[in-house]
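Inspection log for the structure reproduced underneath, given as structure tokens.
So that you can tell them apart, the chains are marked A, B, C and D in the order they are listed, and the count of residues begins at 1 in each.
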């Protein structure tokens, strides 16, 4: 089986290196084809692994030694078990789709070959992240995906905003990574190793305080990668990247790495429910917080980005409450419909030549029906309407929240669901229905290439039906993840589900109705709450003012004032002083004989005086 | 009716006098020859002188100390032999530089060489006795000859230098005489050995007068060693006299002075007179520091080297303060290594000597003269740079080892702070040596014609440079043999 | 009755006079005389002390000092004459080419 | 094989002397070939080196001044081996990259002399010998900076020289004093480091000596606040000078810490641990900030070196195998990366004769290859996993975490700030539109530059993916050093501390 593992892992790398050769050259479709093929290959082998894992085998291979110093001995080790294989399948599937899709989407871009290089590189790092059998390996992937996301966000580097967003993403992740790094160090000095199984085997016997701190530090890392508050700003700005990137990295895979980390370390986190509680609370908060920003935003992609944030919040709630398999399930389903949503948005952008303001669209349904359908499906799934994928995963999370007795979390998620329903259908309505604003603005939208649509189809299907795999999925992953028992009576559970669904559907209907009527009135936009949401709670501004600018000023001060004016000045001062002393002492050499003789006599007299007045030990 | 005094020749042990006798004879011989035949070329004189120096050297080696002679005034011990060796070698190296490419009046005169030989005799007497009279005579003979040699350079600056040197020398002589008088009055003897015995037996009382004697002696010797505040003559005299002579002056009179100083101060240091120690430390620190910071601002290489030699003297003074075998051998090791390097450096200046001063009339060897030298005369520049770095005590060149051993001896005697001051001083010192290198290597040339830098060179002089360079660069190998010989001799002479 | 002390005091006074002369005199010739005074002051001291100890070496020393003083004068005057020829003055302030 | 070390040390010197007679046109070729042979020699050394033996190998001893215990004493162990290879390698690369025409002959000869001194420093086992090479290395660098530099080159050169020379003045006293202590203890003079390792010094003496040595090393590293010579030196030095200065010369200081400070004065080292660690932390953050404020690309990299050296110091003073091994590896990686970065700056400087970021922008469009290579090295500089930069940084911080997690957190923020200034630099000069006319026509890397850069990039990746062989070799000798420390430690606290930092588990 190992060969499948290595194929799955290295096929993307090969693809990346292959198209790397073409980066400096003209657009060349071969790169796209080869990479897609290799990604597909990787997907297939992941599937085979999935099957064989299902038949109860677990792969754990040590490829080669990496670092060894002192007591540390750190090999490249990979593990394929029920959890990682799910991730592998998801990642490779989505990435394959996205890659194929990009052949159309990036068709006219001069960075064509470069793009596919990055995408495959990203998949490779992502696979390392999920397949590694130790924390440092995970960290490699962690940083690797960070790099690729940096490169892809800044893909159109001529755009100031793009390169800026890239830096922001990288640096913010770095901040979180520091926390994670500290967690790793702590783990090492406790266990003397980084390997999951060894660590988790002994974690029980550890002073809880330390476990807590490990958990917190790791979670800081997770927050960064999954753009949880307060690190969330980079994700919205990351939308500067090409849309397929947003679909793959900033919706389906990378941003969920944080969740994956928590699930991976479930053995550790399950020991520290209080930390889990913090995670869940933060998740719930983000779920609402992000959704609220999506309510009023007019930027097609940012809306979806915020919804991603809020969905990540849901996942963290599940993970925090110990419902790891549910988190994973939602992670998977979300990957499907959210990437679908993004790719659909990509089609629209293409049609509207990269216009993003949804107020400038409308009535596109007639022009691009397939895209519209797919996006509708995705949205419904996102809102969690039966029988679409989102329904199952999301309602499980709500149930879990209720079950844990954290009613405020449940309520937050409940509201969040409503908001989700609203902004999704606000988007649908404004884009596909209503009057054709784009006509006035002189756009000439058109449906995209068929093969792109075909590529999207699998995602569409999965978003629809994935939910029905809930039970087998649960059985499958709970082989290694802790089971999660819903203890509340079944009736209550059903009641909740009904309640939520009813609420969601109600909101959807209301939204559709309202926007058929021509949407909300303008003066709404002057309400302070609206402005607050529109400006993302002014958080980016605050960062700008409180962190970025002061840091630059401080640095300049350190250089201009401290370094040059103080330290270096003192150094030169010493030299100067000596030189000036020299100038002074030079006067002694008056060249006049009498002075010379005088000096001699002065010497004699002075010493004679000493002979009389200075008497140590005589 | 006086009864006749009868002395057996054997008891005189005249062998101890032979080295000086040889040179004295040589000096007279030169004059006589000059009487008979005019138009003798300088090459003849030089070789003739060299010959006698060589004879002297062999005679010196022939002696086996420690022994006394000639009514016990001559003292042949390890130290005197070492010192005479240094004096003779540097004299030999010096006299060859007379064979320069450009003609100079003084080298045509027989007197020059006669005086030179007399001067050497003087120095030899100075180091080969512990009798104050003889020291005084030697000192004066040497000095008076030296004044004349300087004057013979026959330029205004030379005369000024000679007169300044002479006058201050006269005053110093007065100090020396006074010192001797005080000591004589205190102890009734003019032999350092006896003086020491008497003083020790009397516990150095009365303190004030003893110290007064010390002070006068210190100033008299300080003048020779150019210790602050009697150093003021050094830069002027060096500048005024010809480059090789300046180099010679920075080595030979000082070693003679050092030997006397060692002999004299040993009386007080061996019996731990705190006062003397403190004063010596004070003067040493003062000397090296003042000289260093003054050297920083010099515009003329020769003057800079003058100050540097003052600083080196201050360096060595610390070793005198320390006393003991290691320190004293450190002095000689240091001085032997310093001799080669310093003579080499001054010879380089001698080579670069050029009749018309293209760089302003005030100075003969201003720094600007050497800017960009590496472009037009790379070999010269490199050699010069090596000598400079060596004088700065840059490892692994010769002076570094002397410095190392000397500082080590200071540390071993427990004066760590003094050692720190010394290294800080050498850190300051590197600047002015480097200044010349910066000019030679980093600045742009002022002239395209590299010949002006080697105008005065000639094969013999090149040889000198070669020899000195060899001993400078390959010092790492010679240090051990030199050191063992030195230590052995110093031990044998009981210091 | 004149004791050793008197002689020594005398020699001290002379010596100081010499010193003062050396310091004050601007005329080189006079300056040389002052140095002679220095040496002769010492001579007095030496002879007195050697008489006091009944030891001859002191007097020998003074003889040598006299000799040396003579030769010093010779050299000194020689230099002086040369300088006078060149600069036409024996004022030591004329010796100021080199300084700094 | 007996004399391979002295061969490695003196081969460049001899070759350099031969260089005087070679004519101008061929002298560069000569230099490259000599450097290549030297590099091969060092590789041979590596091959012949027995990684299972932690002691000194290929030891050569011949007495120079037996009476004074000074000897010509060479030896190599895991700590010095790779630094030697680094020196020879970087010299080779910098010579390949060399494109100065002015006085090329003197330059090549000087570089060869410099190589000798660098290798000598790492191979000497005699303190005096070490001091000799340590000081000698200043002279060629003085010449390189002063003669081929730009702008205030002379000021920069003199500052560099005087500062470092003065810094090591006290060390000389320290050396002699230590020698005397040895003399008192054993009755014979010796300056051989292995002998000194046997010498147990009283605590107070250790403190003083540690101080004396510290100043010299701190100036060389350079540690805050003794760092101000570095920006000038780098700012004015020609590319080749900067490469050798950053890649190798800075490592002398940190190497000396490992070789002398720790094993000779274990108690003092532990005693001074926190002050030093705090200085190092300040270095990391302060330098990173100053680097961020710079307008000149080269200055950014210059200050970034200071920042990285801070992490190296931390790793050393972690006093556990992880930290020290990591720091040595970080020396290597920083050598490669900073060298390459300076080379890249040189590339752009040759084309535009300016190093100001504001002059550039959009270079990624006109010089894609250049941008790509720069990007790779930038990522190595910010310590991305699977590049060479990560391993050392990770291990150093990991090591020091055991000593104090608080300081590690603060110093660890270096990885953030590092990303800040590096990405900003990259963004300002490579991203955005090409605004300046003169930038539109810039040539991408040519063959010579590729030849110099590709090996470095390759190393960055290879050593990032497979550092183990190097790490294990280093680790052997580092453990030995730590054992020496444990053996010599006087105070119980020191013993306890060393035991703690070298063991897994326990509270906190």
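Everything that follows uses one rule, which is that a contact is a pair of C-beta atoms (placed from the backbone, for glycine too) under 8 Å apart; a residue touches a chain by one contact, two chains touch by 3 or more.
All figures in this text were calculated on a predicted structure; none of them were measured in a lab.
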item: Higher-contact pair (C-beta pairs counted), A-C versus A-D; value: A-D
item: Cα-centroid distance, chain C relative to chain D, in whole angstrom; value: 66
item: Whole-Å gap separating chain A and chain C, where each centre is the average of the chain's CA atoms; value: 97
item: Computed distance of Cα centres, chain D from chain A, in Å; value: 36
item: For chain A paired with chain B, centre-to-centre distance based on mean C-alpha positions, whole Å; value: 79
item: Overlap residues in chain C, where contacts from two or more other chains coincide; value: 22, 92, 95, 97-100
item: Contacts with two or more other chains, residues of chain B listed in rising order; value: 163-164, 167, 171, 235-236
item: Residues of chain A touching at least two other chains; value: 586, 589, 591, 593, 597, 601
item: Chain-chain contacts as defined at top; value: A-B, A-C, A-D, B-C, B-D
item: Chain D partner contacts - residues on chain A that touch it in the complex; value: 23-24, 64-72, 136, 139-140, 143-144, 147, 150, 154, 157-158, 160, 163-164, 166-167, 170-171, 174-175, 177-178, 181-182, 184-186, 188-192, 207, 210, 551-552, 554-556, 558-560, 562-563, 567-568, 571, 575
item: List of chain C residues in touch with chain B within their complex; value: 8, 11, 15, 18, 22, 28, 31-32, 35, 38-39, 41-42, 45-46, 49-50, 53, 55, 57-58, 60-61, 64-65, 68, 71-72, 75-76, 78-80, 82-83, 86-87, 92, 95, 97-100
item: Residues of chain D defined as touching chain B within the complex; value: 63-68, 103, 106, 128, 131-132, 135-136, 139, 142-143, 146-147, 153-154, 157-158, 161-162, 165-166, 169-170, 172-173, 176-177, 179-180, 183
item: Chain A-facing residues of chain C, complex; value: 19, 22-23, 26, 92-93, 95-100
item: Contacting residues of chain B [partner chain A, same complex]; value: 163-164, 167-168, 171-172, 175, 204, 207-208, 211-212, 214-216, 218-219, 222-223, 228-230, 232-233, 235-236, 272-275, 278-279, 290, 293-297, 428
